[in-house]
Amino acid sequence: MFPAKDTPTSLSNNNQERVVFPRAPDFSHAREAIVLSTDRSVALGAVDLHKSYGATKANRGISLSVMRGEIHAIVGENGAGKSTLMRMLQGVERPDSGHVVIADKPVVLNGPAEALALSIGMVHQEFMLAPDLTLLENLVLGEEPVTRQLGPLSRIDWAKALREGQGLAESIGAQIDWQRRTSSVPVHILQFVEIIRLLRRGCNVLILDEPTAVLAPPQVEELFDLLRNLRANGTTILFISHKIGEVMALADQVTVIRQGKTVFHSTIAETTGPEIASHIVRDAPPLETSPPPSRTVTGEPVLELDGLSARSLEKSQSLDNISLQVRAGEILGIAGVSGNGQGELAECIAGLRDTSAGNIILQGADITGETTLARRNRGLAYVSADRRHEGLTTAASIETNVIAGSHRAPPITRGGILSRKNLRQEASKRLAALKVVFGKVTDPADSLSGGNQQKLVFARESADNPKLMIASQPTRGVDLNGIAAIHGLLRDFRDQGGAVLLASEELDELIALSDRVVVIFEGRLVGEVTSPAGAMAQIGQMMVQGDAA
Amino acid sequence: MQVEQILVSTLILTTPILLAAIGGLVNRQAGIVNIGLEAKMLSGAFVAVIVSSATQSWFIACLAAALSSAVIGWMFSLTITRAHANMIVAGLGLNILVAGVLGFILSWVYKTSGTLRQPDVVLLPDVLPEFFEKIPVIGPALSSLDPLTIFAWITVFCLPFVLTNTRIGLWIRATGNAPHVTRAVGLRSLAIQDASTAFAGFFAGLAGAHLALASLGLFNEGLTAGRGFIALAAFYFGRDRPIQTAMACLLFGFLDNTQIRLQTAGFPPKLIGMTPYLMVLLALIFTSVRAQRKARL
Amino acid sequence: ADERPAAMIIAQGGLGDGSWNDTANAGFQSGLEKTGVEGRTIESADVAAQGEEIMRRAADGGFGLVISLEWIHGEPMEMLAKDYPDTNWVIMNQTRTGDNIASVVFGEHEGSFLAGALAAQVTTDTSIEGINADATIGVIGGFKAPGIDKFIVGYIQGAKAVNPDIEVKVAYADSFGDPAKGLQMANAMFDEGADIVYQVAGGTGIGIIEAAKARGHYAIGVDSDQDGMAPGNVLTSMVKRVDVAVDEIVTGYAADNFPGGEVIQFGLAENGVALSEMTHTKDKVPAAYIERVTAYKAQIIAGELDVWDVSSQGYPDFFK
Amino acid sequence: MSSSIASRSIGILLPLVVSLIVSGVVLLVIGKNPLDVFSLIATESFGNARRIAATLSAATPLLFTAVATAVCFRSGVFNVGVEGAFLVGGLAAVFLGFTLPAAWGFALFPICFFAAALIGAIWLYVPGILLAKFEVDEVVSTLMLNFIAVAITGYLVNGPLLSPLSGNNVTPLIHEVAYLPRLMPPSTLHAGFLIGLVCVAAYGFWCRYTPAGFEGGLIGLNQRFSRAVGISVPRTIVGVMILSGVIAGIGGAAHGMGQMHRFSDGFSPGYGFTGMAVALLGRNHPIGIVLGAILFGALASAGTTIQLFSNIPLDLVNIIQGTVMIFAVVELGRISLRRKKGTANAG
């Protein structure tokens, strides 16, 4: 615990003392410590934050100083603890220990409203905009300019609102048609509106959680221009990204978080992309990174995509003319930065998304128009990237989850009757085969730990001797032991002659598992690496830039 | 001469539906489908008769009817917003409950059943002076205008403004559209929904008051005769927009009014009564199919 | 005398319908009061399906007299009467056989005939205030149902007997409890030239009478004497003495004089139906008209004039 | 597990307790001893074999309407159109029951029931397909269809199908051979009750022991997951709607052939809606449904006959029933959330 005088002050306390770090933040993994510059003030910071969710230690000692008027990037693997940190900075979560610093003062935040009152605003990945209202209505919602104060009945001064909106948009160099209905407006504009809304509410520190994940490249450019303009106006920006290229292009400072700790901090000028990348994945879990040294796969092609295209719907990436082959006994990795279309590709193959052109051929049969059920009957297995909503029904029992999909097949259903006994036996068999740890088979799937949930998914998907497994982000949010187990499963499946299409945002994983890696960028395949083992840099380059230059 | 009379009675038959529909549409804009309008109309009619007789004032009677129904609406809303009751079933339950309570009061307090006649019930006055009657065609309609009818139509034409241009209007629309957004910007979305249901109750109460006090001056347990559901049909048909909903109400009022003529023309009365519901069904199909076509493009 | 209590089952529509159920109940209550017999009225949300159970429960529960006002209870009652020979049963508007069943049949068609005959004479007499020259009258029923059409057909027949060319407008409100609609429907009929509208619509009829009052035309009341509801604007009422019938049955029961096995006619002859005294309109209507009505009445009673009865003869050709 | 049993029983008991309190207060206000009245209701409901039979008889139609509702609710389809399917099914069965020759004897049973099931299925197929294919909000479409069913059957029973000699809107009686046998004569409790129990049991079986029931439960919990494991969501939706229509239609047939022996005005005083409350009160569980149906049956039957022995008006029963309905659905978090989203989108 901190000495009494350093106890974070509550918001009501008008304590003016500057924060003094009680001791040097613990950067045992970092090469450089964060140096508190004395001539500039900290707009937003953290001191030794800890936060656990049950057994998961999401943050275990994060310190951070975002200087006023700078763009500060936070990078790190999936599950490194970035979003958790943001939630604490924004007051959505309270740290277990450590504290948040706002405008040089340690504070205790009881909710996002208090952060907002202190000029800290956050743009979530899920935009907080009502789709049926106009942009202008969304802009003012909750803090409407009025002509005369009549409580809730006050007339909204739309002219003033529009002036404010236009003024703010202009100040950051954005062009916005405020009268458009929100649902008819492209995502990046929505993002601008979110940002402008925060500015209007007086925020001078903006937190953006993976703001580019949903954007197309030209839109990313627009966003960056806007963020630079903001910086020029004195706004401080903290943004999270997985894309090192973006960080290099935009940020002034970068902090790397790994396994819940700050491990690296530098100004952009003093570092390089590869250096950042090395910090993101350094000390990676001892993955079995021994892909059979450039095995030559000779199996029959199991999956062939021929010029597959798909239109974008809602916020999804479109796919453009994708052709590839996956052979029996091969793991084909799909590398790509989140949002470039690997999820969409997996969904197209699984039959969950309409294609607009091209063919999907499974074991020689064209399945392009077939239902998901028909594809599954032909030997397709699908491990969804969205485990909690598509991979599982968390409210249903474990046995239901592990059987669903096979429930019409013998021995579970015979003569139209579903045998609970056989169902339970089969379920237990499947669960045992993958060593899923659970209480009772009738417990809800929610009761399982993340890794075991994913093992359950594999238990279901691998049970009917599939020929092709589509595994989308199979280890997202899974702990180290779980990861090792899932990797083992995928290898075993491959070794027994199965074909695997593995989509993962984690390069380490792809390299550890894949026989070949193709890179997807903006919905197109931009390159292929046949011996991935040493090609991390090359793949990373293609992921970020779309070519191997 | 006939046209004039059709105008008059269409207008009068429309008013209670319209008042209820106004409340219902605001309620639905805030995200709550109010199946309990019928109950609140009935209680409004009841209160209106009693208060009108007791105070000799149609105005106090209407106000009391509206407020009492607003309170019922508000409590009803609490079961939905706070206790997560299913709004459809709770609404049906409310209709039964209120009918039961009123029946009980009738038999135990007033020792009667079905109909309550009170002495000296003051009816809604005609607002405009008599000479308006001389105006051709619309004269009789104008001269028979009662305060609630005028109020209903004023509300209809004010409502688009209120919904688009006042803070509460914006809050209501935002809450119905995306309650999590309303909550995220710091508004109390549940309280907004409760307020909208109370508002619906207020107007349903006025609708009941109109049924009781427009010309009858008595309460009858069948007085609402399913008008709460017709109102529901109207705002579904009008897609929650005030003017369109009002037009639907006028249409339904007109249908109700021309029943006689349609009956003479050989249409069975039962089937005529079914038209509003059929129209809503068809409109619903039409819009959904069209929306899907659009989405497919 | 029979000490056992009496029960009366209320028909669909329930108490408070302002006509059938309410009138019968008035008679029931006065009968009870007069005789000191204990009695209950029973309402049910599901009268149609539960009738048999309710009646059986009453018989089991020691009730000596069970009256049902619900038409659909006829068949089950016939059965129950055999199971419970000691209980006295009463059914309305139909004839059921059994020593311990009394069937009460009203001559609504006969009374309505007289109402029609009167209206047809009045409607062309412009000397009467509120009357136009058109030979047009109207009638509004609650629901379209044979029990209602029995009134309407009698009314039409009476009107045509006076003036074969008369137009009788017929409409149904589709509700027995919607006075607001009754008012508008009556107004519509007035607009189309009718000046007298006969209401056969229970609570809806309240609105019809209000309309007559507001427009200065005429309504004809039904069931009870409704002349006083809008004095001067209710031409007459087709009074149907359900109350008298029920009262008499209760009284007879208390006096050990239950008319078991009988069909009790409440027609014109028995004064079970009649036109009202016309207290407020007698002076407006020429005596000749009333005399002609009285003459019809005598003919009907004497059996010289047959009035069509929908409930026993089905629909006549001149009415659908 | 034990906590879920506990929460289930709270779910069933809470509405009862609340409604007893509400009606108790009402009774106190008018100077009646609530305990006396409640015990009278209890003996009138279950006091002896005849009363039990009467209660079960009143519960019979509710068994069908509750199961028909539960089939859909369980699958996340908010079908409120059971009332309409019950009416059209009942009328279809009755119509055949008096038009087909009486000489066909027992063959009339399967024919009438089949016709009712078929008509009921078609009736709810319409909103089913509209929901599955065009996302037409099923609450409104089925609600509107109820009014339409009331109007159409009301028209038919007053016009083309009207019994020639009657004082009321009734069809002729069906042939006596087509009467469902009574179970405990003289009570009106008829074989339809057993058919109802069979339906409940079949529903329970369908939920647990058929792939279709398994799928219905899954799409009720998670449509995305269901789609991903190869279940066709539209087909399942249409399937449960048809099943619901079949059960409701059979219920109408049982009511027509066992209880009423004809179709008439007031054929259903809202069994479909009460059935909804029963299904929700019973949390879609077969046993819960049977108990709920018996509870509402008891209210309907005892609520009427207590009037013979105490001057308690029928309105008290309405108060109890209305309160039970409102509180039966309290805390049904899942469906109400789904609805809120749905209505928000429907505009």
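We just call them A, B, C and D in the order they show up, numbering each chain from 1.
Note that contacts are C-beta pairs under 8 Å (C-beta built on N, C-alpha and C of every residue); 3 or more make two chains touch, one makes a residue touch a chain.
Which chain is which protein? Per UniProt: A = Autoinducer 2 import ATP-binding protein LsrA; B, D = Branched-chain amino acid transport system / permease component.
Just so you know, these numbers come straight off a predicted model, no measurement behind them.
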{"item": "Chain pair showing more contacts of the two, B-C and A-D", "value": "B-C"}
{"item": "Length of the line joining the C-alpha centres of subunit C and subunit D, rounded to whole Å", "value": "36"}
{"item": "Subunit A and subunit D: spacing of chain centres that average the CA atoms, whole Å", "value": "47"}
{"item": "Distance from the mean Cα position of subunit D to that of subunit B, given in whole angstrom", "value": "29"}
{"item": "In subunit C, residues with contacts to at least two other chains", "value": "14, 144"}
{"item": "Contacts with 2+ other chains: residues of subunit B", "value": "113, 177-178, 268, 270, 273"}
{"item": "Shared interface positions of subunit A, touching two or more other chains", "value": "132"}
{"item": "Interchain pairs in contact, sorted by label", "value": "A-B, A-D, B-C, B-D, C-D"}
{"item": "Residue numbers on subunit D that touch subunit A, as the complex places them", "value": "1, 208-211, 213-215, 217-218, 221-222, 224-232, 347"}
{"item": "Sites on subunit D touched by subunit C in the complex", "value": "50-51, 54, 57-58, 61, 158-159, 162, 164-170, 173, 186-188, 255, 259-261, 264-267, 269-270, 300-301, 303-305, 307-309, 311, 313-314, 317-318"}
{"item": "Touching residues on subunit C, where the partner in the complex is subunit B", "value": "14-18, 22, 144, 169-181, 183-185, 187-192, 203, 206-207, 210, 214"}
{"item": "In the complex, subunit C residues that touch subunit D", "value": "7, 12, 14, 40-50, 52-54, 56-58, 60-61, 63, 71-72, 75, 83, 93-94, 143-147, 150, 311-314"}
{"item": "Subunit B - residues contacting subunit D, complex", "value": "28-29, 31-33, 79-80, 83-90, 92-104, 107-108, 113, 176-179, 229, 232-233, 236, 239-240, 268, 270-271, 273-274, 277-278, 280-281, 284-285, 288-289, 291-292"}
